[in-house]
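The structure that follows is given in the form of structure tokens.
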Amino acid sequence: MKKVNRLLVTGAAGTIGGLIRDGVSEFAEILRLSDIADLGEARPGEEIMPCDLTDADAVHKLVSGCDAILHFGGISTENRADLIHKVNIEGTYSLYEAARKEGVKRILFASSNHVIGFHKRETRLTASSPIRPDGNYGVSKAYGEALARLYWDKYGIETLIVRIGSCFPAPKDRRMMATWMSAGDMVRLIGRMIDTPRLGCPIVYGVSDNAESWWDNSETDYLGWRPQDSSAQFAGLFDDVPQEDPTDPAVIWQGGMFAKAGHFDD
Amino acid sequence: MKKVNRLLVTGAAGTIGGLIRDGVSEFAEILRLSDIADLGEARPGEEIMPCDLTDADAVHKLVSGCDAILHFGGISTENRADLIHKVNIEGTYSLYEAARKEGVKRILFASSNHVIGFHKRETRLTASSPIRPDGNYGVSKAYGEALARLYWDKYGIETLIVRIGSCFPAPKDRRMMATWMSAGDMVRLIGRMIDTPRLGCPIVYGVSDNAESWWDNSETDYLGWRPQDSSAQFAGLFDDVPQEDPTDPAVIWQGGMFAKAGHFDD
Amino acid sequence: MKKVNRLLVTGAAGTIGGLIRDGVSEFAEILRLSDIADLGEARPGEEIMPCDLTDADAVHKLVSGCDAILHFGGISTENRADLIHKVNIEGTYSLYEAARKEGVKRILFASSNHVIGFHKRETRLTASSPIRPDGNYGVSKAYGEALARLYWDKYGIETLIVRIGSCFPAPKDRRMMATWMSAGDMVRLIGRMIDTPRLGCPIVYGVSDNAESWWDNSETDYLGWRPQDSSAQFAGLFDDVPQEDPTDPAVIWQGGMFAKAGHFDD
Amino acid sequence: MKKVNRLLVTGAAGTIGGLIRDGVSEFAEILRLSDIADLGEARPGEEIMPCDLTDADAVHKLVSGCDAILHFGGISTENRADLIHKVNIEGTYSLYEAARKEGVKRILFASSNHVIGFHKRETRLTASSPIRPDGNYGVSKAYGEALARLYWDKYGIETLIVRIGSCFPAPKDRRMMATWMSAGDMVRLIGRMIDTPRLGCPIVYGVSDNAESWWDNSETDYLGWRPQDSSAQFAGLFDDVPQEDPTDPAVIWQGGMFAKAGHFDD
Amino acid sequence: MKKVNRLLVTGAAGTIGGLIRDGVSEFAEILRLSDIADLGEARPGEEIMPCDLTDADAVHKLVSGCDAILHFGGISTENRADLIHKVNIEGTYSLYEAARKEGVKRILFASSNHVIGFHKRETRLTASSPIRPDGNYGVSKAYGEALARLYWDKYGIETLIVRIGSCFPAPKDRRMMATWMSAGDMVRLIGRMIDTPRLGCPIVYGVSDNAESWWDNSETDYLGWRPQDSSAQFAGLFDDVPQEDPTDPAVIWQGGMFAKAGHFDD
Amino acid sequence: MKKVNRLLVTGAAGTIGGLIRDGVSEFAEILRLSDIADLGEARPGEEIMPCDLTDADAVHKLVSGCDAILHFGGISTENRADLIHKVNIEGTYSLYEAARKEGVKRILFASSNHVIGFHKRETRLTASSPIRPDGNYGVSKAYGEALARLYWDKYGIETLIVRIGSCFPAPKDRRMMATWMSAGDMVRLIGRMIDTPRLGCPIVYGVSDNAESWWDNSETDYLGWRPQDSSAQFAGLFDDVPQEDPTDPAVIWQGGMFAKAGHFDD
């Protein structure tokens, strides 16, 4: 298994950051963990480097000396557009510019299923399906995906774009029986991103091998990632939850409550 | 696992009706079994309600008070067109009208591979493949599929359209090594139809996970149905049967003998 | 230009029958015109032969001696299901059976845009697009299309399936600016049906070369039919009609009022 | 021809703004022209309303009282990312928010071929082709397209997304023989946007009927727009220009010099 | 209009060679005409250079000093496999090798509709349709197309692959109403091959704008070639020819008599 | 399991020939092994019949009396074009002609991934993907595939076309982790070729169920072949090999070194 020297993880204090912290440590000599929130003390093989993604200079310093980046940082749910623009758009741009200037050639961009949340559940999606964001957050991820593609086509920087479903210890509602991604499957996907000879700029749906499935990753089988977990282990978890109404917008659309909700500020 | 109150099964005295009778009992408080043929005595949790599908008023009464319908009733093989029109077309229409008037919102429509029987075996089919019926029976199933779609688009009644391959205890000839569907897989599919939050109006090929496979159900993976049986358990069953001729129409076409046969009445 | 000996036109007293009566007379030595309604006196080269399509024997006699059939007969708008079943399903079946027994090898089947009326206007359709009928009438046309295909695959009878848009002297509302088909284009299409060496069983959208267009006939360019008229000649015809609401179901769906309307009997 | 009461044109002092100013005046009682640059004096039927798109309150006032918007404003070529973020991302967001709050239901969003500039010339694109921006400018247009789609799916605001090729009085180089769009064709396209009963949220390539063609608009033929001009009228214009090298990145990629150029700031 | 210095035409004494000889003279300062058959005297601007394509050294000399090649040479109809291998396979290989060594960067390869002759007439083909040769001749053209693609992918030599329909002064039978290509359209296509900044390695069906059409060239609209002639000018030419049987293999398959014929030597 | 009487294996002394020799012996009463190289002594159930594929008469004798052919013979790597033409083109033609004359109805044609080697690794291929050979060898396999198709369409001879990845005892480099095919999977595929009622002329990628995967065989699931081995058993085999450069042509293209290499003779 390939190991890079220094691997940067942004958003390391977030849910996913916490879930993968141990697993990804084997992919690098040094794990540089960064967040605006507290990350506690560095463990062996880690270095902690707090950073505000809206500070382009700080981002540049953060990226300097790294060999690959797992960019989980930023706002990860619906929010005010001005905040999302500042963090998810300008911050992501700063990170890619820093990578370009510092010669970092491989990045994981944490995109989201909310970039396609306005497709119906009955629609099977691939990496080529049209963008259908379900809120400001989803639109900012569409920006990030387009930016990642530009940096590949123009500057040869490879990005693994992961449209993450629901990466939590367990599904939190019935919808997540379809969208759940285990920490183990995320770590294995990151392993393939590090190890594969040629990454390119693929769009991968970040989801485990759940029985209910809306997304088809076969276009990117060249990565050699095969999810090994399934939400089937949580069968029955929502048996006591009242039946869902098939005409409820949160049930119709893949984005669930994000698609159903009105404008964030209203 | 979700349970409806009263689940109607038409054609309950037929082959499939018999194969699933036990399995589907867990999906409902009361199983209302109906057929024109004798169904014996009701077991606990069952109610027997004989019905001739060509009697619209009787069908209306049959449907009244039910929460979901498994519509296996009707003529299930090639036959005279006038009979097929009477039972499979007018009868199916009566059933959908009854469901509309009685507020039943979920139906399984037993369609058939004979609705696409004039595709070649080498052609891999999906739910979107063009209709190619192989006889009067197949044409009547094309009618039923179109009707089901109308009732979804116009009235919001969800139908699981199942293009059943060969649902028997075991394959009866070599062709069925490819088309066989186990009773268990059928029951599990019905379970998903009952349990899924949003069914829509999918077309699913009713077939187990056989090695030889002509049909691709990936478009409807959102249902979360994964067949668990395979005709591989019957390997060698037809070793003593003489070789088949690849230029025999019954071997060329997916519909087998249905496609090869001339007109029913001739 | 090829000429057949005797060409049967069913539904000859209907709107389309009247519009094409002169034009198609050049395609046959004898035009056999049939309807349940009065057709007036036969002109030179015509023979009038009244027929009720629900009388299978009469249909058999009607078809006997003909070389090709233009099947415009039947109910051509939404109606009670029992009538539609009787005329459009049983009647169409009788006609195909008569053709099979009498050796008639080429038929035009007048299908309708209402077989796909539950697609949105923004959806560009081809002959391969999924069936989405917008009423009982549309479902009966789905039956007819499936039947025509069966008679081609099994018996070698060629059918030109025409999903007619709106074949009138002029568009009657704004929607028809997109769906209008001129009589001249219909006659030319029939000419190609008669003349082409190999017809097969194509599905053609019957529509002139209108600027607004929902349907793509390029899959059947082998027929050599190119519409020459356009609704542009009627520009301004609906300027005084109040604006349409883009959220009105009659504007959303291609089927227009058919898709918006509730059940015929309600 | 339909006429709205007040039609807002942003970027009215730009090249395209100038080219269409006369033509679009027939689509509205009042033309509200806006730009940060000087627009001269209002002509009859016009009102001039200067506005800086980075001022959200000013944008809100600008939009208030309008019935439709032609949004040509913003930075229309490659530039510094911070400027592009400010104007094309935040400014576009402000405009859509203003439209949502003020009940404006129809918008033209001036996107660009630079949103797909990293496709090769030999690749024929449709509205469904993957996004391949060729610079910061193109990425900002990807943001705008995603935003427009969100406002359609969530709020019912219809947008005509136009991926403009090269809208100038005449082609300026050989590449523009393929990408040129005449002012007349742009005006006619805007006319269709105003007049069509249901616009939806289509992506249209803004290009005339040039012989050399990379883009296929047939998916949006429902709009009824047919370009009437062609760059053929400029045949021979570049005969004296030296031959182009087929291995030059500016010739390989549809984005031309945008795709070839390095990073704006470098 | 771009002009190359020396343009080589192989097979110049053949039917197509004769039809285009005048037309292509404007694309080059010097036209080098070659054939194994007699070409008569050179006209102004021409040079005659006889060559046997099976002589690799002679081919090398022939190609030397040329700037582009129109490779119409070789066996152009069904024949013995050994001859076809010698001329169409080894000869074509020699020509491409000579071009590679001599730095010729643009070639027209005269392929044929017989490379796809075993598709049915009802099947609309594009450049991406599967290869279905109808004889030894067609197989040799499949070889040539594959070779041309190799020389593009590996050595950057651009080839215009033309699957020629029937390039004659006039159609010779009914089938050619669909497959006919005028000399003028061929010359204009060659003009685009010479003039286009980037040719790549497109597959173009060589056919005029006939009403009956089996082939879709829209994938290669980037070339800017639009056929201007049509077989419609020959309407009625085959009125006295007996009707064709739609079940005749020569009518079923696009390759016509080539597909119907047995093996050449039998 | 079906058994033929006499099964011919050409190229039996080659790597694949050796790997499958035992396994395929159960598919035939007599295994006729042929090669130009020494095959040692015949084991029970075998007959050795040396043959030079460039000798058409010898090939005819070789084929005579056989019931099916596994055609692994010929040049199996890049080489001089004249040799490849002689063996892979003329030799393959001789073999198909012999099969036609001797009534052999089923052939395995050993094609190669080098027939599509100029696709990028990120491109998922199916049997319908365009031909992109990466050398003379690949072009000769394109010829063979076209020839096989001709003999199916015209003469009813069924061929299993196998685009073999890397059939060795173990992967030899990192690329082969994606392209490796086990001997067991090859034998099972041959078993399906012998046993299936209708083979047709499918194109199958010969590759095991490796995690890294570029090729999608789902179009030919009707064969009932499911690879059971995986290169995962060799995980870690190349850990000590230096990292690969994603911009190295041998890493970009599926053909690896074949695509990177210059012309064989240069």
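Order as written gives the chain letters A, B, C, D, E and F; numbering starts at 1 within each chain.
In this text, a residue touches a chain if its C-beta (ideal position, glycine included) is under 8 Å from a C-beta of that chain, and two chains touch if they have at least 3 such contacts.
By chain, UniProt protein names: A, B, C, D, E, F = Uronate dehydrogenase.
Please read all numbers here as calculations on a predicted model, not as lab measurements.
Student: If you walk touching chains, what's the least steps from chain B (Uronate dehydrogenase) to chain F (Uronate dehydrogenase)?
Tutor: Minimal hop count between chain B (Uronate dehydrogenase) and chain F (Uronate dehydrogenase): 1.
Student: Have a look at A-D, D-E or B-C and name the one that copies the B-F interface, over half of its contact pairs being the same.
Tutor: Matching more than half of the contact pairs of B-F: D-E.
Student: How big is the gap, in whole Å, between where the Cα atoms of chain E (Uronate dehydrogenase) centre and where those of chain F (Uronate dehydrogenase) centre?
Tutor: Chain E (Uronate dehydrogenase) and chain F (Uronate dehydrogenase) have C-alpha centres separated by 32 Å.
Student: Calculate how many whole Å lie between the centre of chain C (Uronate dehydrogenase) and the centre of chain F (Uronate dehydrogenase), each centre taken as the average of the chain's C-alpha atoms.
Tutor: 51
Student: Quick check: how many Å separate the C-alpha centres of chain A (Uronate dehydrogenase) and chain B (Uronate dehydrogenase)?
Tutor: So the centroids are 41 Å from each other.
Student: Any chance you could list the residues of chain E (Uronate dehydrogenase) touching two or more other chains?
Tutor: Within chain E (Uronate dehydrogenase), no residue touches at least two other chains.
Student: Can you list every touching chain pair?
Tutor: Inter-chain contacts occur between A-B, A-D, A-F, B-C, B-F, C-D, C-E, D-E, E-F.
Student: Please name which positions on chain B (Uronate dehydrogenase) make contact with chain C (Uronate dehydrogenase) in the complex.
Tutor: Residues 81-82, 85, 89-90, 93, 97, 100, 115, 118, 128, 130-135, 138-139, 142-143, 145-147, 149-150, 153-155, 259, 262-263 of chain B (Uronate dehydrogenase) touch chain C (Uronate dehydrogenase) in their complex.
Student: Using the touch definition from the top, list the residues of chain B (Uronate dehydrogenase) that touch chain A (Uronate dehydrogenase) in their complex.
Tutor: Answer in residue numbers: 1-2, 105, 156, 158, 196-200, 202, 218-226.
Student: Give every residue of chain D (Uronate dehydrogenase) touching chain E (Uronate dehydrogenase) within the complex, in rising order.
Tutor: 120-122, 124, 174-175, 177-178, 210-214, 216, 236, 239, 243-244, 246-247, 251-252
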